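See the structures that follow.
The following pair of complexes shares a single chain, subunit A, combined with subunit B in the former and subunit C in the latter.
Presenting the complex of A and B:
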């Protein structure tokens, strides 16, 4: 064999050994999620988004594929840890899912011990990203909810806000962010904490009406809290210009179940209702969702879809570099810079997505119209406008 | 087979055979640890129920207090984990003093009063935000330590720790039951008034049983906090710590020393390993049916059924 042929052969061999693309492979992904217990509804919705993400990824990838192994954590922190360990024993390379900061906390620490990536959108507590975990990633955060509320209030030119908030962890955090964000902008903020067991909000609303006299009321709570606050406000009719809240407020469920309370109320929302999808990816997501579950997707499904899609892409990239079992998935997650159906996503060192900003929707005649930011708007914001 | 051989066999099986057979399966060991955690509370609950004659619906209070004491001592006081767990037991026993006015109540009134105490402790933990972190809870609680090269923070290490806690609790239960105090407590079951007449301070004895039961539950709570490295009021004082313990103790036979542990192992492991894979959602209903059947057909629980002993009316035997 001549020297040149030998060189060519050696080069070809080295290319095959060192630089040839990795073989196509199927990767098991663990979905640790509440499918029973008090978080079953939200867990089920997120799980549907995860399944859609897997379906779309496998259809498009052409090379690597993913297989979702789902395990119900029964809305229990201890069982979530057990589920993470069981899924590891089943050979998963990473986890998607999790709902509730109290469950995500221990489950993601268990994943960290196993050296496997854990990605979620189900817990917004800032404590989760202060733990210096190397394998924890989250696509949303409290800041994103507070930013959306502040953005809408700023656009409306609101000068004073009464914040009515539950003393639960995530709600209190968003309320405090709202206070510290609006205060320096010259907006007068008054704070009204309530115990999660509260169901009579008339004393608080009465105080707001007679003492605070704000332009806006911000409700930072959960579904039952919103209903209680709005019922109290409908009776006492404080002289405000707008009323807004955060999660689980600007939803189809609230529009359908409480039409008399929701008109003109605003809340954070990923989707309009009826859902309007504009980008090709979002349209494909909605079609796949409809095909798989015979219904339109909700915002939890979208979050489950986005977090899982980003994870699958990171797994595929790590597979191409042969680093799936060597910490490559976390490395690839940190390289993420993607324009997704919930907006831009990138991860900082703590695993948080500093780009996350929610959108604001407003109930209008039985529909939910996206009204902020303007580039995502599907209708015109009504202001001043209240439900009574 | 006499009792000493049975105990030796149990210890060999628990400390050697189980780790050898299942040590490499972290998931199953994790489930056994969870079952033993429930078993520890069940033993403490049965001790109070059987020897103190009091049905408690509020053992979650002692579990939560113990968990918080140990977590805070290690996180904020810099204490080593094992001494903190011991202090957790003492903390829970001290907390039980606050519940002692309820000892003057009987039957469902005592049960409801102590349930209220669990709720009070939960609210206190939620409101004492500067100390406990409030509703946000405490993350990254120190794991169980490495001692003399043994990593108790591993799955198997955690198994040995909780197994030792449960075995020691059962030994304490047995010793009390065999002592003169145990005799007095048995007598109180038949007639508390008659026992008082012969000079037994029944209230003091009940208070001691409550403190011992709280101590054990507090240590188990502390173990759980260090094992899953997380704590929040809703979780620490969750009703499940009481209900699962009651179900386990009744299922296994709360008038025996080994029944509560056996009940916890069967209830938890059968549920998670057998029923859950078949019925991913709603598998707990099978347990409910089984518990109902057990109460109907063997009111004394699984242990007497296995031993096939037909004794007279059950009491503090």
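Presenting the complex of A and C:
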């Protein structure tokens, strides 16, 4: 290379460097999440989605990047608050994560006091968005779960439902939404609350079998509750037409672990199994997830991904306007209007996503088929159909 | 209503036998050493996870996995004893702190090795229904382990009352120095007590894995349940454990049927408080002094 060409190249390079973004930066994001304790499984799954979101964002973003600093809240509200404060001391600009309404509540209030955005999908209780917090955001809600269950029961034409629900805050809320939504439609609803420590469901199912005699049983609980309820139902065989539940039920993991219990059971689900990803973003998400964790993504990972992606984009926009430390992230979050892999997301003044409505999936021959709503269905709903 | 109540009583008795299996190991160690092993629930959990691994990796039936689970859990129980034996002062209080810490380590060890997913036995036979007298329903696993539980409670009681080693255990609990003068090796008998406690925890763990669901965080809850039954029974009383466990199971089950399932745990605690108010030493308080 001649001397003149070398000089021109050096000049060009220095000009390019000179025009490089002046404020390109790496932003620390706090992931406050349960990786141990009784919420460890769901927290771990959500955390995987957060890591995928960071990987994809950093790969695409030519300007800003994010670094996730993860702290285990050990499924404890007090430790979650401690984690939020410690992460702030470590210089994070916002938080993603959180699981369990009772944990998210105090943790997000601590984030509010620090003036930092807290985004989650792990707590659906209405109380969370009734606190008028300026920095709290959530992509899903109890209403979305209840709407999906009611939609499926309406399509099936069931006349009576026995609701078996855990007395935890979020589960009780969904159960009561189901009761208040189905009752006025002329559907007879009977309610059976159970303590979260319950492990023998035969007395409840026997009561339902002999006294309620419903068309359907709705299970509002968690994985271990579903297994207990379905085992009891398999023993007592109540004369029902369908059995359905909410989160962590219509999943690949439940299909693989409990094949004898899951056939024909329905539950809220963001995607079918095997997953059918159609949009380019969803395909990239699935490929990245598979590469990073050597398994197919589940719905908790998808929620973790979506909430984090929206946060990272808001941080980047706030950085461009120089308002990261001046409340700009919350302002940018409120401007969100995005068609994500869980559907449309926008945030109202309370930080809730009014667009959220879940889908219903049904276990069929080792797969999860989406059966409601019709425009998202990937197969035909089996009704009447039970696992025994 | 009669059918509902009968089924409720039956379910309560089956739950009681399973509770007794969990609680007996804790009661035995307290009865013989005056040590409340707060890691007992985690030993139960460890037994359950070994059974899960044996079924998952080796295709073993949960009952056939018992020898493997026994080796691991009894070994761990003896290790717990060794750590407890290092305490030189105020053993009753310091052992509480130590065993609580061991429980936390075991829970996190289970979490690291097996992840946070829930698991349960996949052998369908255990989950099939057995119908007695055309009205009483039970899972076959519940009947199997209720039978094993009652047999084990009886065997431990017989062993403590009739065998030389059983008497030696009670002698050490009653007066360690006097027992030594009578030719009893206190260390050996205490190790034996922890080993038998580990055996009972193993069977309880396999029972839970077979009939119910396991997850890493459940150890603490199992310890609390075992502690309630042990106090209800009269600290250290072996026959009291069976009665206390069945009573607790029946009260919980009847509460679900006659009132609300949300009150099930509360009813158990009310029973606990009522018994302690009326009988401060528990149902078999005198048995405590006899070991």
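Please note the rule applied: the second predicted complex is superposed on the first by the 366 of 388 C-alpha atoms of A that agree within 3 Å, B and C clash if a C-alpha of one lies under 4 Å from a C-alpha of the other, contacts with A are read in each partner's own complex, and residues count from 1 in each chain.
We adopt the following convention: a residue touches a chain if its C-beta (ideal position, glycine included) is under 8 Å from a C-beta of that chain, and two chains touch if they have at least 3 such contacts.
These numbers come from a predicted model, not from an experiment.
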Touched partner set for A:36, first subunit B, second subunit C, both or neither: both
Which of subunit B and subunit C A:290 touches, first, second, both or neither: neither
Partner chain(s) touched by A:167 [first = subunit B, second = subunit C, both, neither]: both
Which of subunit B and subunit C A:125 touches, first, second, both or neither: first
Greater residue coverage of subunit A in the superposed arrangement, subunit B or subunit C: C
Touching partner for A:77 - first (subunit B), second (subunit C), both, neither: first
Partner chain in contact with A:88 - subunit B first, subunit C second, else both or neither: first
Which of subunit B and subunit C A:105 touches, first, second, both or neither: first
Those residues of subunit A which subunit B touches in one complex and subunit C touches in the other: 36, 40, 167
Complex contacts: residues of subunit A adjacent to subunit B: 35-36, 40, 72, 76-79, 81-82, 85-86, 88-89, 101-102, 105-106, 109, 125, 127-128, 131, 167-169, 172-173
Footprint of subunit A on subunit C - complex, ascending: 3-4, 7-8, 11, 14-15, 107-108, 111, 115-120, 122, 124, 127-129, 137-139, 212-213, 215-218, 221, 253, 256-257, 260-266
Footprint of subunit A on subunit B - complex, ascending: 25-27, 30-31, 34, 126, 134-137, 139-140, 155, 224, 228-230, 232, 234-235, 240, 272, 276, 280-282
Residues on subunit A engaged by subunit C in the complex (per definition of touch): 36-38, 40-41, 43-44, 75, 167, 192-195, 197-200, 202-204, 206-207, 210-211, 223-224, 227-228, 231, 234-237, 253, 257-258, 260
